[in-house]
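What follows is a set of structures to go through.
Each of the next two complexes has chain A plus one other chain: chain B in the first, chain C in the second.
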Partner chain A sequence: MGSQLNSEKTTAVSINDDGVTLRLKAPITLPVEAESICPDCFVGCQQSEILALPVFCGRRRKMLGDIFSVSGEASDRITVEGDLTHFKRIGQGMSRGRLTLRGDGGMHIGAYMKGGEICVEGNTRDWTGAHMTGGMIRIRGNAGHFTGAAYPGEIRGVNRGTIIVHGDVGNETGARMRRGLIVVEGHTGECTGAGMIAGSVFVFGKLGARAGAGNKRGSIVALGETAPMLPTYQYQCRAQFGFLGVYLRQIRKWGIAVSDDLLKGSFRRFSGDVTALNKGEILIHD
Partner chain B sequence: MEINGVTIEDTFAEAFKMWGSRLIITAATEQWAMTTAQAATGFGTSIIGCGCEAGIGRVLGVDQTPDGRPGVEVLFFTTSKKSIAPVLLVRVGQCIMTAPTSACFNGLAAEKTVAVGGKLRYFGDGFQSSKLIDGRRFWRVPVMDGEFVIEEEFGMQKSVGGGNFLILAESQTAALEASEQAVAAMRQVPDIIMPFPGGIVRSGSKTSSIYKGMTASTNTAYCPTIRQQVESVLPEGVNSVMEIVIDGLTEGAIAEAMRYGIAAACQPGVVRISAGNYGGTLGQFQFHLKQIMA
Partner chain C sequence: MIGIINGRVYDPCNGIDGKVRDIWVKDGRIVSPAEVDRSAADIIDADGMVVMPGGVDIHSHIAGGKVNAGRKMRPDDSRGHERPSRELSQSPRVYTRSGTGRSVASTFKTAYDYVEMGYTTVMEGASPPLMARHTHEEFEDIPILDKGGYILMGNNHFIMDCIRRNEKEKARDYVAWLLGATKGFGIKIVNPGGVENFKYKQNVTDLDDKVIGFDVTPRRILETLSWINDELGLPHVPHIHGLNLGLNGNADITAETLIAMTGREAHFTHLQFMSYGGEMGKPVRSAAEVTARVVNANPNITVDVGQVVFGDTTTMTADGPVQYRLHALTGNKWFNDDVEAETGGGVTPCVYRKSNPFNAVQWLVGLELFLLIEDPWRVYLTTDHPNGGPFTCYPQVIRMLMDRDFRMQAFEGISKLARKNALLPELDREYSLYEIAIITRAGTAKRIGLDWKGHLGVGADADITVYADMEDREAMFARPRYVFKDGVLVARDGQIVCERPGQTVYVSPDYDTAIEKEVRRHIEDNYTIAFEHYAVSEKELSNGRQVACKP
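On to the complex of A and B.
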């Protein structure tokens, strides 16, 4: 829907660099399908058109203006203020601009995202960044289960793009991801990188149990504690890995504290999962 | 024009369009990065005999390289876009990948690229793996000392080769000292190399020969030991000539390097600064000494 709205409007109004701010009028506990809160939808819209964008609140169709007060127009920079825990699919499919959530967000934030940047200053729920193919999602708090994972029934999940979670994440982070990078500054739940096809998951806190189950070619990098490894991983060697220097320096640029110890450190390499292709790996910092 | 009593001849250096690429070599220590760079750029003095012209650029600190290790920039120049790929493939494959602890990264953001890591990855025999971060793809190739990391593609751009100037001196000692000073000064300029040994050429050539099959022969007009046997251009008192050849990623970089070099070369014992050209008929670029030094 977002791209359709965008293609109809982009020629009508020039882009406004001041951005659009949405303020939640009153707390909402019903689930809200809010994929219209997306820079691609806003960029060509005058304020009256933004106010009229559709959302589903429970089973009722409403307009954004019924739920939010809106300032600004015609911009691909959006700030949303309020508790959006029950708002789903914010930034779904976005390809440009910047979306900032000043508060908690709900499920499916940035799902199918293609470009641009989402920054959530609170926590998010499940399926953050599911199937994203580009751009960056940054969660200042915690994220739920299935962060950067593939939806049930889908063989491949995330394919490019970066998800940074400064807090903890739930289970099955990065499940069946094809490419891309997920960085977790806190701890992960169980089955991180389950069924990974490729891509990278960096965990600075504790890596949860059963990490890399069914991993084909993906890299899971444990920079803190680790739960017991699956028996389907084989120890290979202790070494310094040049590519980690590239990654950790970039991660440091993204604002995560990476000590010089980590940059220069050696890692134990476990290859697996032998029940899958056996070309994946878990690297554990010594 | 005179600088420090040295005559700057009213002439120009004639230079040619080339294609250039810049690579960053890193290693566990600066010494190994430099050793690798020297191996990769060896036998790269002249396009005629070596297939490319290559040289070492800046030494990079740990905060200037992609992987946070000591590094060295190397530049490669060839005459065509097509010929840069085989040159890089052979030199990276044989001289950089083989060097202990080395890694190789693209050092030139350019529209045109050439796949090098994307081909060398097959050395991994199926155990190579790729990593993509911030739009750049790297290949990890398992090797006996660990892993060789190489970037998928290297940038290449239209460049300039064959910038030059000649140092005409009273003696070989004076010519060498002035040349060394010039090279040291020119090394401060980024994006250029001086591909000959130590940056200096003592056997400049002309594009003809009395022998069939020889496309180039010694530059008789500048050879002091036969000055009375040929149409010499050497003024009275000149007993030795040395040349500095410069390749650069841009015309401006070469002009800047020449300005630094000529200024440093004008010292006691040097009689004249000149430059090599073909009357302006062959090269696409002309570097007029008086304009550069104005």
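On to the complex of A and C.
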């Protein structure tokens, strides 16, 4: 919907660098479909137009101005303040700009995202960054299940882009991802990287059970503890992997503590899933 | 009363080829002008427009166990294909139902999509007897359209037992009972014997192969069911899906099967999937010429094409081994079905790619069949929805048939390997609107055996589609200006404006009731449900119409 709203406009409005701030007027517990909160929608909008953007509150159609006070206009930099736990699809399909949530976010944040940056200072719920194809999502707190995963029935999900979660994530993180990078500073739930086609998942906390089930070519890197592994992974070797250094130095730049010990450390490589293509791997830090 | 005046009418059953005629409607039927009080009639001025009977689809998978399995296993088919509910009237408040899906759309959406494309009657291509109740329950939720279903019989244990014992009269009585019990419309035969053999990890590849445990052959199953079809005087003819579907080199066995039916009436469905040349393990070639030649030479045979349309779809058939092979080939998810003592089936998603030589040849075979089979009354437009592609692609196929330049433009985009030595560029034929009317309604209605459909003569159901006459035939057939069902305007400018129930047609041939005792024993011995629960009663069809048999 974001791109649709955008394409209807002839962007005569000049871009305002101060950004747009939305403040939630009152707490909302009804589910809200809020894909209009998206830089691509806001960038060509004067304030009156932003106030009139549609959202569905439960089954009722409302305008953004009904539930938010808005300052600023015509910018692809958006800051949203308030508890947005029940707001779904914020930043869905966004291709540019920066979206900051000063609080918790709901489901499907940054799903189908193509570019730009999303930063959530609190937690998010399920399907964060599902099917994203570019850009970066950073969650300061925890993310729900299916972070960076493919939607039910889809053969492939995330195809490029980066998701960084500083807290923990739920089950099936990165399921059926095709390309891209997911970094989890905390623990992961079960079936991390289930059915991965390719791409990389780095886990600094505990890697949950059954990681990499059905993994074809993906890399799962466990830098902390690991739950018992699937019997369909085979131990191959212990080595220092040059490419991990490149990744880890970049991850350090993104603000995650990467000790020199990790940078220099050796890893045990397990290949799998033998029931899939067996070209995937789980690398476990010694 | 309604008058559709000044339109150019294409009514092949009555030999009207684009003449300006006025069509009058009263009480849901076409009537003669004398019966109408013009001053009281709603007049639609169709000046410059094209008027045809409502579209009639002879073979499409829209309801029942397989379709529903497809819906369940493909939430991805729904994504991006949501159809919201829309208000049709304010007082009383009437809405269309919301729905989702493209290749395996939900029931109401299936009806709306068909009607908005100008179709008013659709036949479900394959219902296992045991799943007939499910099929009818979905029919109840497919409004506006008239529907009916063909009942799968080519791998039925009771019938094969009768054939083994040379008791074809008993088989005839059983088939008559079965059609009445399932409220089905005709006999469907899918890979006779092969589906049964797949239960032992085998198949049949030849008309004289043995069916495991029954000592019968595909040839005898075909002959017997064809004889029964005649004996019972069913409105439709045996509806046949032959052997070796989808395999390189299957055109030979298809031709052999067509020849085996010489002198008998038969309809061969999705002939495209049965017309491949080459050998196993070698590149596939089109063998449309081979099968088209046999069809041209046998006036008792009709076919529908099952055209492939490039893109994502869901394949489904009672031919279990075919679906298993496709699943093994693509790695896509797969649903397999064993319907007790009757049949089997499978479902697996599939993407037809222009760049894939096999898919490109499949596309070529379909178009070549359309262009090589000379008599439009014997070749019908289908995509074997959703097997070759969703029915919503019919307008695209129509344009391919009517517009050689458009066809050749598409040809240039397909796999180079498939283009090499292809016959298609040599085929200059372009379908006329009259011929399109035959392959999409007149011919199909006639062959299904629905005499009151597919034409605009006095007494016919007032199912009428009015198109704007546009140069782009795809746009024209995708969005008719007006669609009438039983004389009621149901869609305008490609949008539903009125929802009303459609009819379900079925047959109930006479039989010697002595058979019931034996059927009861058969069901009690072999089925998971009781005899009493097997038959679909008349009460379960809210709008059923029994069609007479002519033994």
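Here, the second predicted complex is superposed on the first by the 284 of 286 C-alpha atoms of A that agree within 3 Å, B and C clash if a C-alpha of one lies under 4 Å from a C-alpha of the other, contacts with A are read in each partner's own complex, and residues count from 1 in each chain.
Heads up, the rule we're going with is that contacts are C-beta pairs under 8 Å (C-beta built on N, C-alpha and C of every residue); 3 or more make two chains touch, one makes a residue touch a chain.
Every value quoted in this text rests on a predicted model; they were computed, and no experiment measured them.
Peer 1: Answer with clash or fit: chain B and chain C placed together on chain A by superposition.
Peer 2: Here chain B and chain C can both sit on chain A without a clash.
Peer 1: More chain A residues touched by chain B or by chain C?
Peer 2: On the superposition, B touches more of the residues of chain A.
Peer 1: Which holds for A:S200: it touches chain B only (first), chain C only (second), both, or neither?
Peer 2: first
Peer 1: Can you report the vertex angle at chain A, computed from the C-alpha centres of the three chains with chain B and chain C as the arms, to the nearest 10 degrees?
Peer 2: With chain A as the vertex, chain B and chain C sit 110 degrees apart.
Peer 1: Scan A:S95 for contacts with chain B and chain C and give back first, second, both or neither.
Peer 2: In the superposition, A:S95 touches no partner, neither chain B nor chain C.
Peer 1: With both complexes superposed on chain A, which partner does A:T128 reach: first (chain B), second (chain C), both or neither?
Peer 2: neither
Peer 1: Looking at A:L181 after the superposition, I want to know if it touches chain B, chain C, both of them or none. Which is it: first, second, both, neither?
Peer 2: Only chain B; A:L181 stays clear of chain C.
Peer 1: Which of the two partners, first being chain B and second being chain C, lies in contact with A:S219: first, second, both, or neither?
Peer 2: first
Peer 1: Looking at the overlay, does A:Y151 come into contact with chain B only (first), chain C only (second), both, or neither?
Peer 2: second
Peer 1: A:A239 contacts which: chain B (first), chain C (second), both, neither?
Peer 2: So A:A239 only meets chain B here.
Peer 1: Give, as a whole number of angstrom, the minimum Cα separation of chain B and chain C in the superposed three-chain arrangement.
Peer 2: Minimum over all C-alpha pairs of chain B and chain C: 20 Å.
Peer 1: Could you list, by residue number, the parts of chain C that touch chain A in their complex?
Peer 2: 73-77, 79, 332
Peer 1: Given the complex with chain A, which residues does chain B contribute to the contact?
Peer 2: My answer: residues 26, 66-69, 103, 127, 129-134, 138, 140, 146-149.
Peer 1: Where on chain A is chain B touching in the complex?
Peer 2: Of all residues in chain A, those touching chain B are 160, 179-181, 198, 200, 217, 219, 239-243, 245-250, 263, 279.
Peer 1: Give the list of chain A residues in touch with chain C in this complex.
Peer 2: Where chain A meets chain C, its residues are 151-155.
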